[in-house]
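Same chain, two partners: subunit A is paired with subunit B first, then with subunit C.
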Partner chain A sequence: MSGKRKVSREAILGILVVAFMAFLALTSNFDSKSGIYSMMLDVSPSIVGAIAMSMVIITGNIDISAGTILGFVAFAAGSLAELGAPAWIFIPAGILMGICLAGLNGWISVTFKVPSIVVTLAMNMVHLGFYATFLPNAGWVENLKDNFTWLGRGRFFDLVPYIFVIALLVAVLFMYIMKNTSFGKSLYAVGGNRQAAIYAGINPDRTVIKVYLVEGLLLGVAGILKATTANEIMPSAFQGREMIFISAAVVGGVSILGGGGKVLGAVFGAFLVYLLSIAMIYLGFQDYFQFSLQGIIVLIAVFVTVTDFTELRKKLRGTFTRAGRARKARA
Partner chain B sequence: MQTAHTEVSSTTVLHLEGISKSFPGVKALNNMAIELRLGEIHAVCGENGAGKSTLMKLITGVYRPDSGTMSLNGAPLVVHNPNDAYAKGIAIIFQETSLFPELTVLENIFMGHEVLRPLLGGLAFLPVLDYPTMRAQAKEIFSRLGMDLDLDARVADLGVATKQMVEIAKALSFDSSILILDEPTAALTSREVATLFDTIGKLKAHGVSMLYISHRLDEIFQIADRVTVIRDGEHVHTEDVIKVTRDQLVSWMVGRTLHNLYPKEDVEIGEVVFEARDIRQEGKLGGVDLSLRRGEILGLSGLAGSGRTELALALAGLTERDSGEILIDGKPATFRDYRGAMARGIVYISEDRQKYGLVVPMSVSENITLPLLHRISGLAGIINRGKEGTISDRYIADLSIKTPGGDFVVNNLSGGNQQKVSVAKALAMEPRILILDEPTRGVDVGAKSEIHRIICALARSGKSIIMISSDLPEILGMSDRVIVMKGGLKVGELSRAELSQEKILELAL
Partner chain C sequence: MSDKARASRRPRITYQVALGGLLVALILLFGAIEPVFFYPDVLFDVTSIVGEIGIMALAMTFIITTSGIDLSVGFILQLSAISFGAVFAGTGNLALAVSAAMVAGILCGFLNGLIISGTKIPPLVTTLATMSLFRGLSMILAGVNSFSGFPEGFKKISTTLLFGVVPIQFIYLIVLFLVFNLVYTRGRLGRHLKGIGFNENALIFSGIKTKRILLLIYTLSGFMAALASMVYLGRLSSAKTSMGNDLNLQVITAVVLGGTSIVGGIGSMSGTLIGVLIIGVLRKGFTLLNLSGNVFNFTLGLILIVALVIFAVLERRKALAGRTQPAAKT
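Then we have the complex of A and B:
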């Protein structure tokens, strides 16, 4: 029936990532060993976080508190490690923290019928206040030892960080889950056409709670990947990470309206967001101006994924030519 | 084209008896009965609001009946939800699409009932999707439908007719023996309709029984074996299609006698004040002309989706027209949006007052004066509450709106009074031309006749009125002239002397 086959959005994004890297390598010392290493180190938590955020966005929801949840995860894992706990204790503890907090978001949103953007925006503030008020030393954990940092600092072949490999494994696993399980399909259904999902026997409320639980699990992983790269943890520093995740998801082609998008796209999105910030540093932009540029990129990405271009073309038809304007005025 | 009306089997597959269903304020179905036989195409027809859709929603478990019995192949049938209906072999293709635009054809067909396999040999607790099996099943379904469709195409990229085929394939993927089609041709072109009928014919040959809801009578004669007419939620007649005529069907659908409870008075009708020429809107309106005189009530009739509301919106500048001209007092009017239309004295009152007409959490007087803010506010835009009160009190008295006071919140008023507030708000703008979309929908009988009285009074005072209504007696009772719409076109114009329910339906169907 449908004749021409379109190149998938993910393929375009992949090419873009490679082209971007090549460009940076040619114009800077990005291709040095340290450049490549820092990219892999920095992008790993973003990949996992972007996947988490994408799944939530696909169901038509969002999590503004993802950054502050990472703060709690890092605090929980770090404090246990400071007391001498090994990885098999602090990793599950961190993940459990993520699951509980994100699950709470989903539960509140579904039970009290509050839009997730409101719930998670509020929780973001609740978390920040909680750090400062109730955590010892505002949650600051210092002097973390090898029992914690081996994970974030370890590398294969003296180059590839353990955490990068973990992030890629997570990506592969979730690509598989989204494509090959009923759970994955139900996320698209709920976000794409809620009424039709109900008619297909899917319970949207239960699906939303499930997606937040899974998001929490992934935020737990992302938080630990990020935290173990440094020997101190300040929870409030994680605030704002959610914007990176959201940007990565949106740039990666996940529809902000819900119902569409791929894990692979979000992974490439995470790379692109990182490369963009690096490029701006190389180009000598000041720190804060980077935010503006990133914001503009997100805006463009949303525009591209959400806009119905045939409709827009119809609307703009004639706007840019004198004859067209005259025709419009006559009508 | 399938025209072979085969001998109807005598085996009953689905039987409904004594079915009643009420919603707050409305009795949607009353003692309804229908019997579907093996392998037949059974058409269900009736006017707007006759209860067709409610009936289908009962069969598919969207609603539960208040009373009555349903049985499937002789055994009592209880349907909990649409998925349960699917599991029992009953599938419905809804008017509104139930597809997921961002997913592929294959993913859509099996959404919610995916074929699963264990991830690895023994790992039955880790079920994953079995794509090869689903692909094979989907291929088999499409070949049964005699079509070849790219299973990996994104549904958003498909045309309306192809989407409908996906819906049908989805229904068949449940091994459905009963298929319900709710106005399946509403959005299709005639060529696409032919393909659909072809498919329906193939399904029938495979022994699928179908309930076919449509108010397009031609289609019923083309494909159905038997037809059931519903009127006001009750079963009127069931007959073999070959034994009925078109006129008979229409008279069954209309049925009721018209009581003259409308206070329409003859008003002197003046010069043409408003004219529309060749109004076009892609896919919605195909070139409509109309003219309206001073003091005239022009009825706009037609079935749901015939383009009545679309025309009204375009006339009021609420939607952009692709082409066409509007003249006021014989001179071209150049307004491009509703604000401009209002300035020229055109006001539109929406059929959905809760959504478009009123700001329900605001008070009665705030609602009435909402379009007049510039007139009642002084320096720096501060609202003069005194002026607000004076204006709203006048309309509250004029239209006898039953409210404890102007500061009463609209949300707490009855439907009829809300509608009157909506009318008051329009009148406060002192329009010359009033477009009323379903002015009495959802209001009780008392309020209804009061609203009719108000409309007549407006006409007497020299205002011109376009009234859209699905309620035929209302159209007949109130209009000086009636325009009948169908498929985005004006299909007829009747003067008051020529008016009859049969004539309007004949044109509209």
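Then we have the complex of A and C:
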């Protein structure tokens, strides 16, 4: 923002991620092969989901139902694979599922001018109820076979999972899209200043619907990446993933007010959120501390991105010394 | 002026009347399927199962009118209940336990209010984050335990039946509704709330301390959630970390269904009361028809979306007719 800043926020985040990993490696057995492998396995869906969520947040919207959309994607892809469908059927089917559901969110929000937070909050509930009420066996898919799990289990050089490579490719692709295409720029324009975007010839409503469609596509990918690593699929277990995506996005510097943030930041954010949760486990905290930690992380990260620090410094200047307070009282 | 005011109020009244009609229609529908629904004790039981939702929805109407939202109320309720249970299990002192629950609720609400009024973080993100925070806190406090064995005198606060049929929650709800409605429609605070929803800057420029008002109403919401937790506990008789999980959405649905605009500035306390009763009728009806809680949640989500859409369409029609200002931009 200010001209003084030379090092970009993303570079700092990157250094933080590396430092964190080094710290974990020195203090625990994180640097073992299985530690690295499970990190790559766990962080891949989060990377794709965080990119999806970032794009939505950049336009000034949000999607609380992202987690439950993943559940539908996993169910669609998993049950098709159970019927014996090959990858070129179940992957597009899962992605289509994501596009439809996220697109519905965007369409309702835009057409009826209802804030996306409330629409997606309600959708979250609708999805959860739908699993239990209408899906056979509440959407459980058990006994996933090799025709499905090869994607999640397969690895290059016996170390790097396929899905991690896919996630990185998606990240690179979307870094390019957000930086160099008119679609990417229009997201920042709509989120930053809607009126100005209209004057620049951008149709904000259409842009928002588009971003939800793209979000759905990415959620489809994320859902398949996550589902193929598991032995069984329980759709309702995906609820709550949206908080991981939102945390990753805001930790990565995406402004919750819209109009600011980078894909690379969201990628590092996904790493940081994972590393923090791992650190908590190594430090011996119980599982449920994670909830509180997640809340606090989101609050701090949002506070840092939203606050104008030069203004805050001006306001706070002299508050902590007696002379300063006296000067303030005089002024 | 009075003509104009009446004209601008007319569509709002018809909306609430239509809502009342829906309530009656739902009761008739469930009664036709399951005649036991018409028995006075069954019908009045509706108000006992929505006691806690109603109490929270009143404060939520204040918040949504200012174009804010509080997603954390369900978990404030949970944390209050767990605090009550933990203190009661530790000391056996009822008064101490009740005050612990109240303090927990007020502190949670105060934290929300402090963040929302003091920083630029939007209410939805703040309360989304504090929702996780409070949930984690109550899990840390309770572990895997659940607390029960509360004295009979305590249970009376929500199991008492007046005249043998009217649950005491009905009285709580009506009394609190009258107070909130008075503040909302006649009080200065109510006018300020609608002003914040329409245009906060205009209020700031007229010298009104909007931040203080926001701090007040989010703290109030926490306090009401603590009250609701007491009413809830009296009925459930055990405090555990699963309670209150899906209450957020029911509270918000009641308020939005009642005709309070989610973008702020417009609202109706009586609409909220009818919304709460509709949710109660649905829940009771679904229980009588042996439908699961999942079906109820599914229906509730659909109702919320439909209510949002209907209200948005009505608002737009009103705005097109030029009778009122279009609702404030989000």
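Quick note on the criterion: the second predicted complex is superposed on the first by the 319 of 331 C-alpha atoms of A that agree within 3 Å, B and C clash if a C-alpha of one lies under 4 Å from a C-alpha of the other, contacts with A are read in each partner's own complex, and residues count from 1 in each chain.
We adopt the following convention: a residue touches a chain if its C-beta (ideal position, glycine included) is under 8 Å from a C-beta of that chain, and two chains touch if they have at least 3 such contacts.
All values reported here derive from a predicted model rather than from experimental measurement.
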Subunit B versus subunit C as contact partner of A:259, first or second or both or neither: first
Task: Applying the touch criterion given at the start, work out whether A:180 contacts subunit B, subunit C, both or neither, answering first, second, both or neither.
output: first
Message: So in the superposed three-chain picture, is A:118 touching just subunit B, just subunit C, both, or none of them (first/second/both/neither)?
response: second
Message: Under the stated touch criterion, which partner chain does A:303 make contact with: subunit B (first), subunit C (second), both, or neither?
response: second
- request: Determine, under the contact definition given at the top, whether A:155 touches first (subunit B), second (subunit C), both, or neither.
  value: neither
Task: Once the structures are superposed on A, label A:288 by its partner contacts, choosing first (subunit B), second (subunit C), both or neither.
output: second
Message: Tell me which touches more residues of subunit A here: subunit C or subunit B.
response: C
- request: Once the two structures are superposed, pull the subunit A residues common to the subunit B and subunit C interfaces.
  value: none
- line: The answer for subunit A against subunit C in the complex is residues 62, 64, 108, 112-115, 117-119, 121-126, 128-133, 243, 246, 250, 256-257, 286, 288-296, 298-299, 302-303, 306-307
- prompt: For the complex, which residues does subunit A have touching subunit B?
  reply: 1-2, 176, 179-182, 185-186, 188-189, 192-193, 195-202, 255, 259-261, 331
- prompt: Quick one: in the complex, what on subunit B touches subunit A?
  reply: 81-84, 86, 94, 96-103, 107, 111-114, 116, 127-129, 131, 147-150, 153, 157-158, 162, 321-323
- line: In their shared complex, subunit A is touched by residues of subunit C numbered 69, 71, 115, 119-122, 124-126, 128-137, 139-140, 246, 249, 252-253, 256, 262-263, 292, 294-302, 304-305, 308-309, 312-313, 316, 330
